[in-house]
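Both of the next two complexes hold chain A, though its partner changes from chain B to chain C.
The block that comes next holds the complex of A and B.
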């Protein structure tokens, strides 16, 4: 089956889901779409630039808290304003953080991003009067395209208008990221990933390109964080904790960082598998961890890698 | 017909299942229709896992008794248990219980950080939610004063208020107080409330030190050194988990309580780990809403403590009582709403019946206030070694009702405390 056909079927199923799927499963698609946006950005850094960030929950948190502040403190309910503000603040925070982090690679880069992530976590936890501390802040229901939809029950709002809004943001984010990774800029990032010395020799400003990739990935994570807020209705520091950073890196590995859509697939499998395992066994973390470890061991290229590898195997056998 | 391995296993499985059915079950149970499903949200991992386990055990004990007696309106009760973790995931589990599992009500919720997010979701989904220990307070103020579907726990700071009242009664002449609590809203709010109350009873008291270590810290060496250096007359501590045990052990190593009094507002949550060899007599110790060794305890409490000890080899903490009360009050409300009929009442009728309802819980009579908040008693007292256990208990046992120790509906906490006539 060709990639385009699979993609069209997946998109069709996602569009039809609210009409045919049980409401609960439709609602589970909301964190999937939010994480998918964040993962598209993370993979620009991870899969295309070769830098593994263990602190991207910082930007998820920036996006989510931006929405919470705008809706509950500044009484700004427009989701479009929230998304733009989240993206802008994500870039603003990422600019200095990225400038410091991209001077290092491998584990040093990872540890620095982790450190900045935990600084932000501690900030939102400790500045109780500003952020609500451990109790967090309410993320009030935003308006979509200028329509308030206040009369609609929250579940119907989430499973209807908000679902399609999130899907539209995901599609738009995917198209933009597709354009980025297939542009000369994307090609330069891949060159830097594969051989930074050669890239430098070719005249590519390695640090500058890495910084740009970092800022773009932060913008995506912040937009994803803003999308995560309305379904829960409350934003709290656990969104910015290092385990969140670990989860999104794991989603990327699970789906396959070598594939453009791999991280998106990883987010989908992670969320639905976790949901299922949580309901089946009380000690679900043990089982879930074992299942995920088994998948990664059996498929080092991620789930997308299994599918991509098949044609070459068939070709070699023929 | 050929017997295959699979059909044989199926037959064995069916036989095993049939063997578990009680033949002496009452007729109503036998004729019952579909089981009534109740969702349970409980913490299963991390520092609060023992609290969650106690709540679940209390609910399971209630379940066995109710099902043995024929269920609710003749329907057996079935629990669907999901995990309480962070707000985002717990909201998703809550939605699963209501939308996917179609439960009649959801019981549980311990952390206010989580239940603040659950409250509006419960209101939206239109299913009764009876919280064990979680409130919808932001700090010490209520965020949902008029809920329809959400029923919330007693205000978080009540045990600190009770401790403030009892400090004044039992430790007369206290001039200086140091405080230690976990670095999150509960720790800070308890300290604020305790100071406000004690100040009312002892206006010249001075608060000389406040420490807020991170929840889960296990080394209190530097904190204890600071407390000793403060030379306070009394240490107030609002730890509620294993850190209460740890700080008492480390305090014993430096003889802290030979020169200082202590008020442990909530350490009764881990009461049977407070061994006599490191927990001195003479401390004020809070057990929240249930004291397992209450000499005036009901037959129900004594039976529960006996069976709990036999099953789990430990004595039950207060979370069992919160959980039992939520389940029992739901049952009573369904029966009240049915008004003698066997027809299952609408959810909206059940929540109306819950308002103001009073039932016998493990700790005694408990009720729901009209604004959907637990009303109950708090148990605190002075630690003693004169008991048959290897851990401390309390004597005398002080019982303080939420009627006097919890702010009335619609009032601000500190305005209310400052309005007391003492």
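The block that comes next holds the complex of A and C.
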């Protein structure tokens, strides 16, 4: 089966899901689509640039809290405004943070991002007057495309208009990311990942490119974070905790960081598998830890690496 | 202030375990916090059993320390069963593997001991309190501070005065050369990892009379131990010692002055250190 066909089938199934699938499973698609957006961005940094951030939950948190502040404090209910604001704030925070972090690679990069993530986490946790502390903040139901949908019951709203809205954002984010990784810019990032010294010699400003990748990935994470808010209706600091950063790196690895759609697949499998495991035994971490260990040891290419031996993203574009 | 030193001495034990593993295996072990939590739970159970068996309360620290050290043996299966497969892999995968261990350990602890906090009720003040520098502190805190200092000296002696210590330092500097000189790296890795684990579990066991064991304590401690090793410098024992004191004391000062700042202050220092001096206060040149 060609990749294109699989993709078309997956998209078709996603579009039809709310009409045929049980509401419960349709609602699970919402966090999946939100994480998928964030992971597309994370993978620009992880898979394409070779930098592993252990603090990306920071940007999920920035996006989600932006939405919470706008809807409950500033009474701005338009989802478009929220997404744009989340993206802008994500970029604004990522610009200085990224400038400091990209000076390092490997473990030091990971440690610095982790430290920044924890600064944000402790900030939202401790300044409870502003952020509600560990109880979090309400994320009120946003209007979509200027249309107020107050009349609908919550599940109808989420499984209907909001579902398609998230899907549209995901598709748009995917198209943009596809353009980015197949642009000269994306090629430069891969060069930097494979051989930073050679990239520098070729005249690529390594630090500047890494910084750009960092900021773009932060924008994606912030948009994903904002999308996570409405389904739960509440935003709390656990979203920004370091284990959350670990989980999203896990999702990326699960799906396969070497492939463009790997992280999206990873988010899907993670969310549904987690839900299924939790319905059977309460100890999902034990099982997921074992899965992660197995992937790291035996299948570093993730599910996408096991699934088909079609040429990976690098091979097809070169 | 002294409670900060107490916290610092516990932190030192865990970070010393982190450092010794990083020094030799070059793996940043996120799971050291989980070993700390494991030590805490085993400590509670050991003391519970000891008191139940009618042992004199004054000696409860003995079973506590023994249990804490003994459970460090889980380091052997963890290293043999998981970590040894990734020594030649990218650091990212090593880090993620230890994250996998964090996830598994957290639920393994929940499965064994349940989700409600466990504590050794009443034993904390067995040794009474004593006035030091105008405040009263539980004697137990002083014992732990003393024990931690003794362990610091012991580690220093081990690393600088014994053959085993020379091998550890040699392999931290140049793994291939050490191996070429006839050192069995497999055994060394297992030993060092177990040593690191035992330091973590001992730290967990010793903290337990002063606080309750909770399943989240591991993932909370790891970020503090992380701050310690960054401030002190990755792989440096002196760094772990100074870093632990800095983090412990600063935290207790921040709590009494402006509680909101508590951990925020520490992470800001971590960032400052990473940006200005990424090798930390005592870190060697990058490998």
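Everything below uses one rule, namely that the second predicted complex is superposed on the first by the 299 of 318 C-alpha atoms of A that agree within 3 Å, B and C clash if a C-alpha of one lies under 4 Å from a C-alpha of the other, contacts with A are read in each partner's own complex, and residues count from 1 in each chain.
Methods note: a contact is a pair of C-beta atoms (placed from the backbone, for glycine too) under 8 Å apart; a residue touches a chain by one contact, two chains touch by 3 or more.
None of these values were measured; they are calculated from a predicted model.
Partners chain B and chain C clash in the overlay (superposition on chain A). In the superposed model, A:136 lies in contact with chain B only, and not with chain C. Contacts of A:153 after superposition on the shared chain: chain B is touched, whereas chain C is not. When both complexes are overlaid on chain A, the residue A:23 reaches chain B alone and has no touch with chain C.
Applying the stated contact rule after C-alpha superposition, one finds that A:239 touches chain B and leaves chain C untouched.
Once chain A of one complex is fitted onto chain A of the other, the partner contacts of A:268 are absent, as it touches neither chain B nor chain C. In the superposition on chain A, contact is made by A:284 with both chain B and chain C. Chain A residues 126, 282-285 lie at the interface with chain B in one structure and with chain C in the other.
Contact residues of chain A toward chain C in the complex are 52, 54, 100, 103-104, 106-108, 110-112, 114-116, 118-119, 122-123, 126-127, 242-243, 246, 249-250, 253, 282-286, 288-290, 292-293, 296-297, 300. Against chain A, the residues of chain B that register as touching in their complex are 44-45, 81-83, 86-88, 91-93, 95-96, 99-100, 112-113, 116-117, 120-121, 124-125, 138-139, 183-185, 188.
By the touch criterion stated above, chain A contacts chain B in their complex at residues 22-25, 27-28, 31, 125-126, 128, 132-136, 138, 153-155, 228, 231-234, 236, 238-239, 275, 278-279, 282-285.
Contact residues on chain C toward chain A in their complex (touch as defined above): 28, 30, 82, 85-86, 89, 91-93, 95-97, 99-108, 110-111, 219, 223, 226-227, 230, 234, 259-264, 267-268, 270-271, 274-275, 278.
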